[in-house]
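The next block holds one structure in the form of structure tokens; read it before the comments.
In this document, chain identifiers A, B, C and D correspond to the written order of the chains, with residue numbering beginning at 1 in each.
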Amino acid sequence: MSAALEIRGLEAGYGEVQVLWGVDLSVAEGRMTTLVGANGAGKTTTLRAVMGTVRPWKGSVRFYGEDVTHLSPHTKAQMGLVLVPEGRQLFADMTVEENLEMGAYSPRARKNLAANLKRVYQLFPRLEERRAQRAGTLSGGEQQMLAVGRGLMADPRVLMIDELSLGLAPVLAQSLFGTLKQLKEQGLTILLVEQNVHLALALSDYAYVLAEGRVQIEGPSREVARNEEVRRAYLGI
Amino acid sequence: MKLFARPFFWLIVAVTLLYALLPTLGQNVTLRETLVLSAIYIILAANLNLMIGYTGYVNFGSIVFFGLGGYLTLWLVGGHHWGLYPAVLLAGAVTSLLAFLLGIGVLRLRGAYFALATIGINEAVKDFVANFDPWGGAEGIFLPFTAFKAMGGPGKALWTVYLLIVLVMGLSLLVAYLVKRSKFGLGLFAIREDEDAAMVLGVKAPLFKTLVYSLSAFLPAVAGGLYFFKNGSIIPDEAFNLHLSIEAIVMVMLGGQGTVTGAAVGAALYERLRGLLLTIPGLSNFHLVIAGVLLLLIILFAPGGLMGWLYRAWPRLRRVLE
Amino acid sequence: MKRLWVLLALMGALAFAQGNTITIGLTVSKTGKYNVESVNQLHGIELWQKWVNDQGGIPIGGKRYKVALKYYDDESKAERVQQLYSRLISQDKVDFLISPYSSGLTAKAAIISEQYGKIMVATGAASDSIFKLGYEHVYQIYTPASRYLTGTLDMLRAADAKLKKIAIVYEDSKFAKAVATAAKAYAQKKGFDVVLFEGYPKSTTDFGPIINKIKAAGAEALVGGGHYADGATFARQLYEQKVPLKMIALLVAPASDEFAQLGDAALGVVAPSQWEPLVKYQQTCGPSPAQFTKMYQDAYGKLPAYRAAGGFAAGLVLQRALMDAGTTDPAKVKAALDAMDVTIFFGHIKFSTDPASHGLQLGHEMVQIQWQKKGGQLAKQIVWPLGAKTADLVYPIR
Amino acid sequence: MPEILASVLDGLLIGLVYGLAAIGLTLIFGVMDVVNLAHGAVIALGMFAVYLLFGAGLHPYLGLFVVALIGLAFGVVVYLVAVRPIINAPPLMTLLSTFSVSMIIIGVGTAVWSTSPYNVNFPVTTLRILGYTVTSARLVAALAAVLVTGFLYYFLYRTTLGKAVRAVANNREAAELMGIPSQQILAISFGIGTALAMLSGALIATLFPFTILSGGIYELKSFVASVLGGLGNPTGALFGGVILGLIEGSVAPFIKISWTNVIEFVIFVLILLFFPTGLFGGRR
């Protein structure tokens, strides 16, 4: 089976500080892959280096076989490699609908704007209710919905989500994961970075455990979840 | 700190003496008049560097101190028959106090907001003085000839004033050096790197900023007093020339912000360059263009200025030239 | 320091051989804001030099002295002036000085000339205050600012004995403010009611607020202005707003030929001028106004502006003083200047010898010009003083 | 009393033009946190652009369209050369680089046109409204300022590209993640800001004479107006301009004109100190 996203030997960092020391990771098409690890393990940096918002020092990123390592983030987004960033990063002064519209900025996504909008509103009816409201005034849960919805508007071929449940009440997190499950069932390829390891491992097909800037263990999620060593050493469970 | 054991201290002394002696030995008035501009530029750049280079606050209107010092001095000397020495000292002290009070408010602003506010302050003061009749309004203040006679005639007075300006230049460099080597200076550099982090680490940022703002006003005000005394007159446009304060920033950038040597060398170089561009026929019309292109090139390709480049080429210089 | 100077002195070989040369030093604003005016003034000075050298030089005590000029570009900047005048005196060893253009630069040069006790003839500098600082070696050619508008007010009074309300609106610059302040005092003495006395900032281009005030004050006549740009704009907007003024007199701007570009807005506007080519002074020495005008036209292909005339006059006054003194000894020349009372093509020249205002010009008077239609063409006419006039004052203009 | 009204009306009309100039400044700041110190020089360029076009036979009001296009292109070039390489550097760098652009423009302008005043001499009619005299040029300039602002709002709120500009202003990285080419958008925004500055310059040139240095005073007024309205807030900038004009108009009858500037700059500093986000809320 061909990988939708193939990461080899990725090294990156900030200033002089190296964070990633050679990450290997592959995301299978139509599956949900999760990347777990303790705080500071380099999960977010991995996603940012994949997108290019952090410049990769070494290594390669292949997207459906094409080397995209040094393309700009917006080009990758236009190709369908989409990141829902940590902390939502909404366009706070714009309305909910404008945020969604901006998600569909790339020519590829713009063609399906109407259909995608309908789909997002179906997934998150709350957003439709608040379509004319400024994004900055939404509640935390609504903001996260909007962030995911905006990502979906980009018509992603691979959707990367950074910390879906961070800072949300458990009920809200549950409901968002429910939505994620729906998306997965619709055949969307997903790479999930998540603090809530239990939920992430329960939902995903394949998992990578990141520590000290390297992938330490990988395997089908169920196996990783059962691995005692993983639980103790890397996940602090 | 054992000041006298530092080579850099002796370098400052040597440069100051050189400026003082070069024109004096041959009684070379032309050289004196060239060097006085150079010295004034060095004073402005060295003091501005305390704000821009050390603290990271872009003061676009630093010239307001120079102008205020000039006005206060000429008002005291011309209108109230004070001697030059007490007049410049009082002018410096008052300007510095005003800067302190102003700083309490205006230094709460950061980045572009602070820069804009300093422009506003300079323009407000200029327009105020242009309307302020006790200071002659738009007509300015003209010194009576007696003010020069009191100092042994203009011939002698101008030499004395020159030496005083050179002294202020030496003091400016010394202050810049001492601040850089002090705990106070360390606090300023911390503010430049990350003000919030500095506060967390116990740097009293508001106090430090206000103090350095006030300090950076004193010597330029004294220099302004001396310079406009030498000119014999002062008008608002000459005193609060926003362009000159931006040129001072260019000097600091040219030499390398945050370094004492950089500010001084940048100022001296800029003075020479400007003079050169203005007098080469054909180029004189384009001197502003050339200066602008030069500045742009520095910003884009050598943001560390001359010193940044030298430090990279000879890292050991860092220890000798502050 | 080679870079600083441009030597333009044209010294005849003869003069070198005899060694009888008088060198006159000055700075010229070849660049910067005074560029046009200053170069104009230099043309006048150079014309005088040529004129006097063509005659074999200045006869002083039985010998003839050729004149050499030495000048540098001061870039219209105060800080260069002191440097360059110091150089002229101490290194170039010039014998006498002529001032830079403008009162501001002259004030700076005066400190240096005074320091060395060098005589400096000041032209292009109309400020009074320079001459009230106690200087003893500076002599003014121009009518000082305090008397700039007095003739205008005399003329207005003569044209309309009943007019009361005048507005004095001036540019907030050293020169214009001095003129306006003096004019206000004189107007009140003449029985005018100054209903508006106000300055406007130097870079003003929108005169709307001022014009509203002039209307609100009900002024019948306006005197004021400042320099060229503001004056031209002011005149244009007064015309556009149809302000009902019986007379408009502005400083400087209407005296320039470019003022004609305003078209109908220029019509009727009055200006005081230091000198005009058409004046009819009966000179007691030097060329007549007509001779000077012709000489200038032959040399430069256009009519001389008053600044050029002022430049020539500065040289002529110095020449006259040297001839009167019969020696180049500075003290004697100074005495000759103090005693001078002559009429040249530029007008009457007499200096104050009062220690409180030594060197101030007392003799010279402004002429008043007015833009009038002559055969369908806008033209400057001299309308005051009556003895020098070329046309009658058009009054009221609106 | 009618004189006061006249003065206030004058202030309102010219205030709209100040507002337009301020929008150019505040837009660039709002989108990329750059205080464009070339603003004044660009305003002056707009003046000369309309002057040159007029000399070539184009009516000043038609010339506005050409000026806008020139401004857009020029702004993009300035952005690419002087701003883009240091867009992420500390604010001092962009302040200085835009200032150096200003030096270059003014230097070239001085060499070409000297610093003497120019006029766009086209026929202006005088209208009487409520017993007050107003020139057609003033009315048209104010109206044009309102129209351009309206057009800008349509662009920013109704077109995808305009929304992308707002998205980049809100969160440049997120915009990039959504496939918005942020550098292109920044370049376009700088172009629009420059075009607005040039347009305001062109409008001013139809009212008053100008020199290559004339932009300076309008740059300062733009600062005051945009700070009044909250830096980064275009609507605020327009209102800031109007407030500025009204202050000028309404205080003029009661004080000496030369004090107006002092009042403006004091207000400027006070607003910065006590309402740093302006009267209408800006972006910090």
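One rule holds in what follows: contacts are C-beta pairs under 8 Å (C-beta built on N, C-alpha and C of every residue); 3 or more make two chains touch, one makes a residue touch a chain.
Keep in mind that this is a model prediction, so the values were computed, not measured.
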What is the graph distance from subunit C to subunit D, where chains are linked when they touch?
-> 1
Name the chain pair with more contacting C-beta pairs, choosing from A-D and B-C.
-> B-C
Averaging only over C-alpha atoms, locate the centres of subunit A and subunit D and give their separation in whole Å.
-> 42
Separation of subunit B from subunit C, taking each centre as the mean of its C-alpha atoms, in whole Å = 37
What is the distance, in whole Å, between the centres of subunit B and subunit D, each centre taken as the mean of its C-alpha atoms?
-> 32
Return the distance between the CA-based centres of subunit A and subunit B, expressed in whole Å.
-> 54
Overlap residues in subunit D, where contacts from two or more other chains coincide = 256, 258, 261
Multi-chain touching residues of subunit B, meaning two or more other chains, are 127, 130-131, 138, 285
What residues in subunit A touch two or more of the other chains?
-> none
So which chains end up touching which?
-> A-D, B-C, B-D, C-D
Could you pull out which subunit A residues touch subunit D in their complex?
-> 51, 53, 72-74, 77-78, 82-83, 85, 89-94, 98, 101-103, 105-106, 109-110, 150, 154
Subunit A partner contacts - residues on subunit D that touch it in the complex = 160, 163-164, 166-167, 169-171, 173-182, 283
Which bits of subunit B are touching subunit D when the two form their complex?
-> 52, 56, 58, 60, 105-106, 108-109, 111-113, 115-117, 119-121, 123-124, 127-128, 130-131, 138, 246, 249-250, 253, 285-293, 295-296, 299-300, 303
Interface with subunit D, subunit C side, in the complex: residues 33, 35-36, 172, 198-201, 203-206, 208-210, 212-213, 215-216, 228-229, 232-233, 236, 240-242, 261
For the subunit C and subunit B complex, residues of the former touching the latter = 1, 3-4, 31, 73, 75, 78-79, 82-84, 86-87, 89-91, 104, 107-108, 110-112, 114-116, 129-130, 133-135, 172-174, 177-178, 199, 201-202
